[in-house]
Amino acid sequence: MGARGGIWPAVYARMHWILLGLAALLPAVDLLLPPEFRLADLVRPIFIFAVLGMGLNIVTGFTGLLNLGVAAFMAIGAYTYAIATCDIYPFQLGFWTALPLTIAVGAAAGIILGLPTIRLKGDYLAIVTMGFGEMVQDSLKNLDVITKGTQGINPLPSPTLFGYVFKPETPLPWYYLFLALLAVVVLLTRNLERSRIGRTWASIREDELAATCMGINSMKAKLLAFAIGASFCSMAGGLWGAYLGSSGEPGNYDFQISIIALCIVIVGGMGSVSGVLLGAFVMIGFNAILLTKLTAFLAQHGWTSSDNVFTSPSNWKYMMFGLALILMMRFKPEGLLPSRRVKAELHEYDKDVPRQAGGATT
Amino acid sequence: MSLLRVDDLTLRFGGLTAVNKLSFEVTPGQIYAIIGPNGAGKTSAFNAITGVYVPACGCVRIRGREAKRPFTRRTLWGFLLVAALTAAGLVLAVNAEPLWEAAITMNYLYQQPFPWAKALQDGLTYLRDVEWKYSAGAAGFGALVGLAGAWSVWRRARCAPDVLAGAGVARTFQNSRLFHQMTVLDNVLVGMDTKLRTRFWHAAFRLPRHRRELRESSRKALEILRFAGLEKEATAVASSLSYGHQRRLEIARALAVEPVILLLDEPAAGMNPTEAAGLMELIRRIRGRGIAVLLIEHHMKVVMGVSDEIAVLEYGNKIAEGKPEAIKIDPKVRAAYLGTAEV
Amino acid sequence: MGSEDAEDQREGGRELMTDSEVLLQQVIIGLSNGMIIALIALGYTMVYGIVELINFAHGDLFMLGAFLALTIAGALGLDAVSEGALFSWGILPMFVAAPIFCGGVNWCVDRLAYRPLRNAPRLAPLVSAIGVSFVFLNIGLLWGGLPMEVFNMGQTAAAPKDFPALVSNENLLGESDITLTISQVLVFVITVPLMIGLSVLVRFTRLGKAMRAVAQNPVAARLMGIDVDRVIGATFIIGGALGGVASVVYALYNNTIYFQMGFRVGLDAFTAAVLGGIGNLPGAVLGGLVIGMIRALTDQYIATEWTNVMVFAVLILVLIFRPAGLLGTHAQEKV
Amino acid sequence: MKCSTFMLGPVLLAAVVLGAQAQSPSTIKIISSLPHTGSANAQTMTMVNGIKLAIEEVGGKVGEFSIVYEPWDDASPERGQWDPAVEAANADKAVADPDIMAYIGTYNSGAAKIAMPKLNQAGLLMISPANTWPGLTKPGVGEPNEPMVYRPSGKVTYFRVVPADDIQGLVAAQWAQEMNCNKVFILHDRELYGQGVASMFQKTAKKIGLQVLGYEGIDPKASNYRSLVTKMKQKRPDLVYFGGTTQTNAGQIAKDLRAGGLNVKYMVPDGCFEEAFIRSAGASNLEGNTFITFGGVPGDKLTGKGKEFYENYKKKFGNEPEAYAAYGYECGRVVLDAIARAGKKDRAAIVAACAATKDFDGVLGKWSFDANGDTTVKTMSGNTVHNGKFEFVKVFGE
């Protein structure tokens, strides 16, 4: 990026605020459009997945640990939030007490998983987190006395803020609620990234051995990243529960969610906060907005037939999704809005091929 | 009293003994060099000393204390805590559903006030009346696994490099291992990291304390850079530095750890004579700050120029030790180098 | 109804299986399931060992192999073996075609999706592999909808498919309560020689040596004149072919295939590879057997619903004490 | 700059895609929200066909209103099944579109739980061809807060044309007893539907004095169930009941029962009452000892209106309707009937008209909606498999 002069680097460094600002303006633009054009309703899940992506970005993008189990933390968050607020349980907390609780439980879960496993090398950790995802999903299904098993916990009460009730049928306040919470998460993430803690994470990502030789206790730093990442993911789960008005079924938090989160981070640009925001927009928007519209469009023109698997666009969704990922990695592996450091690491790879055996940059 | 004392250090890779019963001593303010032909085990010795590799046997003492994470009462309590928590967690996990049912489900009538005290009591009653065999089994197993797991994890990290760094041993690497994509200043700041006091909350909310420390640490880091002659490059990205500067940056980063002894692994490799001379001067100035230096070097001019004492390794064995003048004329050393000693 | 009642009476009158019989039966089941897992795990571990890539698409490649086998069954008009016969010779073309197909597809995928990313950071090929797995999944879905003898057109593309029982499921032990079927024997007869062959290949042949060299240090291997890309390609072919064999064995053993089957089997296999020490061939086999056994024993003695949880709990437990897996050793980083 | 292109791309495309739509006051939109991506597609497509057939029969017009029907998908490719986010978005979208007067769906009861409160709040008619979770409509069966929580407006806006699981579980257990199976082993797939039916079966079984040897959840993704079969074999049940669907591996269990040498009766609920079940299990494994309960009567056994539907469906789409197609058709007809009786484009009026449906001449005979929004049809049929075809055995509950 350095090569480009002028205002660009400054814009680039503040891209996340620009993106959030654009998102804040979207409902206003929406008002000018007829109902079918409006996007604001569809964008709410994007905010939640952006929070999820933020959580994963801290672990994978900043610290370089591959976490394939964010769905588990999201599930823990959603169920904690649901159990804390739903009136079939005695706790019945409000949104603003349940959310911090959700975050705290997520962090605790991250530490419990991290303590015994954080020292494992890259891909060992990946499979353990992946297994953790399956374990949580199965446990939530099996402990049906507590979690209502596959029924899910619902419906959850609407959040309130200073006496104002967020009703499901008025999407706009929700939109700004989620946007505001996302902005807080972005702010915290940026602060951490630019602080001593973010520097420690980056040093571990670049060269863990050198970092430990400088006295950095990599276990503590990684555990911190893991816990913060887990708490953000858990927060995303809590928001998801609030948005759906339901904890969802345990089966909703399966490996696919972890994959989506990973794709958000990588498509957006590893270690880049603005990248995660854009990645969430592209990944969730791809499915929730573009594919839905496309299917409706094809159906409207009678170009699909329900009898034949080959003409139904829903049967091609996996293919489109998969090819998009492959092409993306082929032509822009650093993501849409890469962080400067990660991009530079990439170019370093271009220059000299040697691959480190331990893979410090997992 | 010795600053660094290495006793019987042995390192094996499979069947190959890379370092064999190496012992030596570095006194405060000394510049001690280890030389030897390629593959003699010099770098392996460094790695064993700094905890990068786990030695088969032998020990490293800093100021008379073994450089290991100490087994203190706190560690013991930590183990017991982990064991207790695992045991409790497992018991709760095994009984999760009936316990929840006894304490919560049975006591909660839909939209009625919840009797918290009774719920607690019922929960405890359940735990008291639950079949002991299973709970005790779960608790025992949990405690055992918790204890063994904590011990196993702790033991593996006992001689980790960060422990050595904490004890005052800082090092550089043979192939420069800078954080290439960070700025020069950030590299040094990573070295200073253990001395910083910013905690998570300060950083996340950018509290004044954090900002103050940010200013102070940057000032200190710039000082170190000035000492290493790199203050002009402070904002440059490390990978953009010239080779000689990169080596200096590695030294600066190691100095930021505030070590009592600095281990330099071939700092002069690939340097031209001017750069090498500058390096010698830098090493002397480091010593001037009261930091001892342990040096591996092929560049004989540098070694002979700065060292107070030299040890010679061959096939992992120390074959000679002494003042530079003595080493120069030692026939065993000459034999080891097969006449290539004079570079 | 009358005759059924009589049969019920007779069955009810017989003794229950003894505990040791049950244990033996579970061991047989655990080992045969474990063998299939091990065969797939080998594909993971080989590819990982050489390019350090978790080949997420491997499970779905395995699924495609099974669909190919089913297509062959449909094309040849094969049906379940008749009473008394041990197996149908129709399985031979499957054992030839599926490995060739899977190996070839794996090679193409490497060539098109992974090779261009060889110097990219490691997460890039990983995401690419996820993309490939989605593409395979979609192909499987559409393939399931093809009008073949065994399929209906379209509608039920996603439903599980019956795979004709080409290997008899009759009990070799006759009237005994313990069952040992030909299909279980087949699992061993196919997989054990393959594993032995593979270890011979890796240990003694030129290609095997080149593989080990590339796994250790691709740059040095290239300098030594080894064509690294060719060796990696060969690894993908062999790994894919093993997956192809596994898919046929799986299909013959379980008799059901469906387009999403790659995920669970792949997850098990990958867990097995990690449990044994990733990159380590005997480790993958050991890991597969251990996981098969954990599954069988948990099903029997704890509860089926906790089986997955147990598998991963054991994995975490093992990794606490042996962070590089049961047989693995961490290659020490060159400093 | 680059970024804004990326932001704008989808927006513009969506705008182009949407541009073609028009609206008029005499158009009424009916939508269905069913999972069309992934495994449930076979069933849901026949439902869509059923709905289309119903609309076609009235010539696409009810009174002055022309009917537009759109089948929406509530599944997503990355989930491969219904996706709560998509379902929530569908519900929001339906509420926001003033032309939409009826929401046919959902397929999964879990999805219904998410859509119901949203649609109820907006007073939009929701009618399901497939939800069988009893708690959706009936008080005192599911959670203590059900079903009132799904009716934040206090009115009943949700109806279903299928009998709920409580009836099916009951009938299945009674059938088991009739066949002299006194020892049963119950399995379920740990999904809302399967576990629901299985638990109802278990309750009834205990009540009527069957011996329940075990009640276990399986992993529907497992490659086989031989260990489980061994475990069951040790206990020697007379009948194995599996609460689950074809998708959750009902076929594999049938195979493993045979391969593991456990030759007992095998009973499954209507989630398996589809051709795919026989095809996935292999006809020979089901022959004579597999029993399927179904809330309704199989297509070719229908009489009157039902027979008509069956013939028309085969003529129009050229294949056998799956079991649930009739319910899709029924939903479509009920909606059209309600619109006709309401006579105006008004959500509240249509809901009221639908609630007042009485003695409706449906494919399953004459029925009405009760106060909860449940159908009064309690017809259940018992079926078995013979020569690779479902064979009707008997009717229960009439």
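Going in written order, the chains are labelled A, B, C and D, and every chain counts its residues from 1.
As a convention for this text, a residue touches a chain if its C-beta (ideal position, glycine included) is under 8 Å from a C-beta of that chain, and two chains touch if they have at least 3 such contacts.
Since the structure is predicted, the reported quantities are computational estimates derived from the model, not experimental observations.
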Maximum distance between Cα centroids and chain D occurs for chain B
Chain centre (avg CA) closest to assembly CA average -> A
Counting C-beta pairs in contact for C-D and for A-C, the higher total belongs to A-C
Here the gap between chain C and chain D, centre to centre from mean Cα coordinates and rounded to Å, is 35
For the pair chain A and chain B, the C-alpha centroid-to-centroid distance in angstrom is 33
So, in whole Å, the Cα centroid of chain B is separated from that of chain D by 62
Multi-partner residues in chain C (2 or more other chains touched) are 134, 141, 155, 157, 263, 305, 308, 320, 323, 332-333, 335
Each of the following residues of chain B touches two or more other chains, namely 52, 110, 149, 153, 156, 173, 177
Residues of chain A that touch at least two other chains are 87-88, 116, 119, 138, 141-142, 144, 209, 259, 307, 315, 317-318, 321, 342, 345
Residue positions on chain B within touch of chain A in the complex are 50, 52, 82, 96-98, 100-101, 104-105, 107-108, 110-111, 114, 119, 149, 153, 156-157, 160-162, 164-166, 170-171, 173, 177-182, 186, 189-191, 193-194, 196, 198, 200, 202-206, 210, 213-214, 217, 237, 239, 253-254, 256-257
Interface with chain A, chain D side, in the complex: residues 2-3, 6-7, 10-11, 13-15, 17-18, 20-21, 36-37, 41, 45, 48-49, 70-73, 75-81, 83-86, 88-89, 92-93, 95-97, 110, 113-114, 117-118, 121-122, 133, 135, 142-145, 149-150, 190-192, 195, 217, 219, 317-319
Contacts from chain C onto chain A in the complex sit at residues 48, 52, 54, 113, 116-117, 119-128, 130-139, 141-142, 144-145, 153-155, 157, 216-219, 263, 267, 270-271, 274, 278, 305-306, 308-309, 311-313, 315-316, 319-320, 323-325, 330-335
The answer for chain D against chain C in the complex is residues 38-42, 45-46, 77, 80, 179-180, 190, 216-219, 221-228, 230-231, 233-236, 238, 246-247, 249, 251-252, 255, 258-261, 263, 275-276, 279-282, 284, 319, 322
Interface with chain C, chain A side, in the complex: residues 60, 66, 116-117, 119-124, 126-128, 130-132, 134-135, 138-139, 141-142, 209, 255, 259, 262-263, 266-267, 270, 307-310, 315-319, 321-326, 328-330, 333, 342, 345-346, 349-350, 353-359, 361-362
